[in-house]
């Protein structure tokens, strides 16, 4: 028997691969679920079905997917042009800080002024945090992976420093900021659900990115620059400058995500505002094949599992780590099967066709 | 009070120890062309499995062995994903990290319903004064680093490993089994990462608590690029980080500096590494086949 | 050499072919690259494998060497069926290969590269290996520096390393896939001398080349592949290049109607000593298409380009000859805008482009075609995307790409330049010849005032070469100036109006094509000024 | 929140009369703070006082809010225990939406009528006593404290510890290191090593990791939250204990009696009410603990218990190095 590249992929292979991944995950995680004292089938229903079948949790899925859309898109934009921004986490946090500045110092602004101001501040904050690595890359060829990565903990320390210092809660003394003024609440989109206007903004950015990537000269140039910088340079594409601009745009998108999260969900700055969204964004972007549509799908998938895992923990008393085990196993199984579908098995002795 | 510079230097080596083990593991992986972002999870699993085994058998040697076995298994999983199946390495690595951390914490929860556990024996320091360091520190600097330096430079295995990381087509044409070499690199490197994690539980602390690795794996990824995939510069990077960290911990309780915001002090090592990179880190060149799976036509 | 001992003592084994391919079939998706191929190589013979670009030569030899696995078929070594699941198997069976694309690790030294094959896991002895490398180089008759890092070497030097590498470990069958494409004539002679020595000792050689005069010179047997099938396998003795060419393209050599085609082919492959170039016509008076003044490019120790001054007039092809590594690559890179010049000026059609960025160069009327084909395209993008990449702003519709206009433009180019692929194929799947046509189409689609081309026919089959030549002549006849950098003297003599010779980054001589001879050029290229 | 599911568990409610309690924790249960609440609830369940379920790891305010709404809609417990730090806004909003559910949350804020009560780990009393012991034990005159981060909950413990040290050793210096993490024992240990290098010969392990440093250097050390004596039987002098049981019992009794209302439950964590204490002083230490020091501490302890001594509460961040000399 041997492994051969497939001549062509039929359409059903991708869904079949995902289905196989779900089955394998079910098989692999049934044992720990049993050990933790729950019924695997019931658990899986909670993980994958419940979130999508009740109105309330569907809203929660969208809410959970919102920050992932921003960070996933941010990472995809940068990766696409060959700039490996691992710093979406820090840029997201910088966005939350920057959006908090007007919200804390000008708390009484009315919403029509306050929201654009705070969102713009978030974008600027993310850009500012992306600036140093991008500048070092552009002017000195310093590798961006290290600099963006190392600035993540620094951003978290900056949040903590502000919360322990000037922004300490004036009522409780706890290191979280005061509640923002009412004008800074992103409006909710659907009655009875926490989904907020940040989702709209994220989807808009996905759409714009999709159009730019697929229908403009810039989109093709970005791809060329990302796939082969030297050939792109030969073709007159200014790779360094494109990378520089995408790095900043990427930071801005991540920063907007931070702003959306504090203005839409938290209404105050806390040290735990990001649940590793920037790092998960890398998974979202690569799972989505660095394409806008793919980011959308991947963010929704991860959002679903995360909402489902919480529900399973509450209802079935499974340790919350079980949710992480299921989602990471499913992630690895899915990418594994999706990669494997490019190949087919052939018996050595049989003549093919 | 005199500033205890010798203590800071001694602490430098202690702090650098897990970074050297895991960072050199990452060097081995990346020299073979594979970015192993599973590092954080592999260190975590090494810390947990090592501790669990030592605590239940009472044998440190068995604990260390178990950590190594866990690392080898994690490396094999990474190999299955990135080498055999050609999965995107960022996704495979981050997925592995998530899985191993969750699985360790889950097992910890099932076995010890809460609270931290302690082993009564641990690898203790040897010698005294400035030289009072853990055996695994001595092994890291005096044995592991020279051995890997020699391995990469002067052994057939190192030559093969570099070849599959630079140009797998050429390596294949030279009769080198590309997949097998990459598996070997992943398993060896991951085992070193697991030992780096086990250092925390079996040597430094003698106990396991959640979050014990605390982002050290990600620092290693940065240090490997900082050191340009070469053994001694990576060791130097780990020492630079260790020194600045030890320094800030000491300065934080030194009267003059205690007025500086704590967070700024803690950020210091990160900023120093970035600054060092900005000064010396121009024109980093990645291994030629970095991030690219290989399969024959 | 155990192989020879075997040959000498056993008549039986001698009668079994050294290697035999039986019923080899290989498909890439829908494409059948090899279709039930049978081929046998005898010991002591040079077996030439010929065919158009994309005929399946490399695929077949890669299967024999274990770099690729056949869908079906069998490989026999000295009569015994031997599965080749990896190059290690092939090496164990006594096969060595020089692949068409370089198989060298750029960051390693020559010695390390040569050690790679067959290195164990334990300690390596660098000094001993180095000595063995020097020894092997001397044995094979090629000079290489064992301590040089491969990526610092020129292509010609790298090819020499490849050849030494294939012969470093004793083998009974040597596969050479277009080894001479990047070698200068002197090196080709050295290589042939080695091949003759080795075959005299009983080695078998599979030799792939598009240079038919080389084939008739060295081959004992010629097999011709067309579209994945063997269409002829004949002894080489007495065979004329003209006949081979006809067999390759499938034209019936005997048919009288095809005289013109045969003649064109013959011309293309440089059989007729050289046809005097068509008169430079009305051109020279019309001023410079490309004007280079005192162009200098500093290097680490000495200038890589040293005050080069040269003008190419409209309606003229100027050749640049030289042994590789004398500044040709750098000259092309500076002109193409990928390396900035240290000093000097470059004008295209009167416009100063010395410091211009690539788009401005293209706008000024500069066409570019470099020797680094795969480095000039984005391999993962499609043929269509690569064809318009330099020119995207021409196909805008407001802020968007006009897909309709692009596909119309691309369809036209693909027709005009006879590109045999589908517009949506990723360009990496194209064979060398088709890729070169894409690049040519891209360079010529804007009707450049001046064209810089380097090694335009390296690795191309006769049909494709001929096509490139006719395009370059056509461009010249339309009034453009062409600067042609080539290591192929026949090509230069064939195409150019004037030839300059570079040596050590300087122009050390200029000859008009009418008065130039190979001998004279050869002397200049080795630095002998009269 | 959903519109379905609230009815299902009510069938269970008929079987037993004890209130159902759900724990909703921001950190993993292994983290000592939430671990203490969880332990008290578990023990209340074992005592047959309550039925108990829980969920942990609700890191963000967002997750906390989703979990709370989900808990109410799918499990509808009588009482929800948890910690609201860093999710005050969200938790209070949910509480306001479900006035029939009793909320008892760790919080730095005030109670919120009608159903949101707050508690906190008011451990300044045992901290003061531990500080007294530390002051008496130091020979170098320097004591090292390694804490998580300068938040009120940590500050008041550290400040009380410093005040206690001041009582027995007016010239002592206390160095305070914050590692800016709730979980980073390796860094905590390095910080402890730095304190030792800076002259400290007694340590207070507000965070895990410090005891290992004390053990290696043979120094007295104080543990936190649970009795950590077994981690280093010869070096742990004592530990500060938080006992959530009085708080849990108070809330359960009020709910069972149908008289639950929003209140500040903080006093149930005071030593007077048995909500916190100093673990028994270790008699098997490698060094000697002077008997008169112990009696001094015991006397002070008795004063605290009978209400004649009130430990000062100071929630300002302590300086990195405090020389206590007044």
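Order of writing sets the labels: A, B, C and D. Residues in every chain begin at 1.
Assume contacts are C-beta pairs under 8 Å (C-beta built on N, C-alpha and C of every residue); 3 or more make two chains touch, one makes a residue touch a chain.
Everything numeric in this text was worked out from a predicted model, so none of it was measured.
Most remote from subunit A, judged by the distance between CA-atom centroids, is C.
Of the two chain pairs examined here, B-C and A-B, the one linked by more C-beta pairs in contact is A-B. In terms of their C-alpha centroids, the spacing between subunit B and subunit C amounts to 46 Å. Averaged Cα coordinates give subunit A a centre that lies 26 Å from the centre of subunit B.
For the pair subunit B and subunit D, the distance between mean C-alpha positions equals 34 Å. For the pair subunit A and subunit C, the distance between mean C-alpha positions equals 47 Å. Among the residues of subunit C, those touching two or more other chains are numbered 28, 69. In subunit B, the residues that reach two or more other chains under the touch definition are 105, 109, 262-263, 266, 297. Multi-chain contact residues, meaning those touching two or more other chains, occur in subunit D at positions 28, 149-150, 180. The full set of touching chain pairs reads A-B, A-C, A-D, B-C, B-D.
By the touch criterion stated above, subunit B contacts subunit A in their complex at residues 80-81, 85-88, 90-92, 94-96, 98-99, 101-103, 105-106, 109-110, 215, 218-219, 221-222, 225-226, 261-264, 266-267, 270-271, 273-274, 277-278, 281-284, 295, 297. Residues 154-157, 159-160, 162-163, 166-167, 169-177, 288, 296-297 of subunit B touch subunit C in their complex. Residue ranges of subunit D in contact with subunit A, taken from their complex: 1-4, 22, 26, 28, 53-63, 65-67, 69-71, 73-75, 85-90, 107-109, 149-152, 180, 315, 317. The part of subunit C that touches subunit A in the complex is made up of residues 27-30, 69, 71-72, 336-338, 357-359, 361-362, 368, 370, 375-381, 385, 389-390, 392-393, 395-396, 399-401. Those residues of subunit D lying in contact with subunit B across their complex are 28-32, 35, 38-39, 144, 149-150, 175-181, 183-187, 189-191, 193-199, 208-209, 212, 215-216, 226, 230-231, 319-321.
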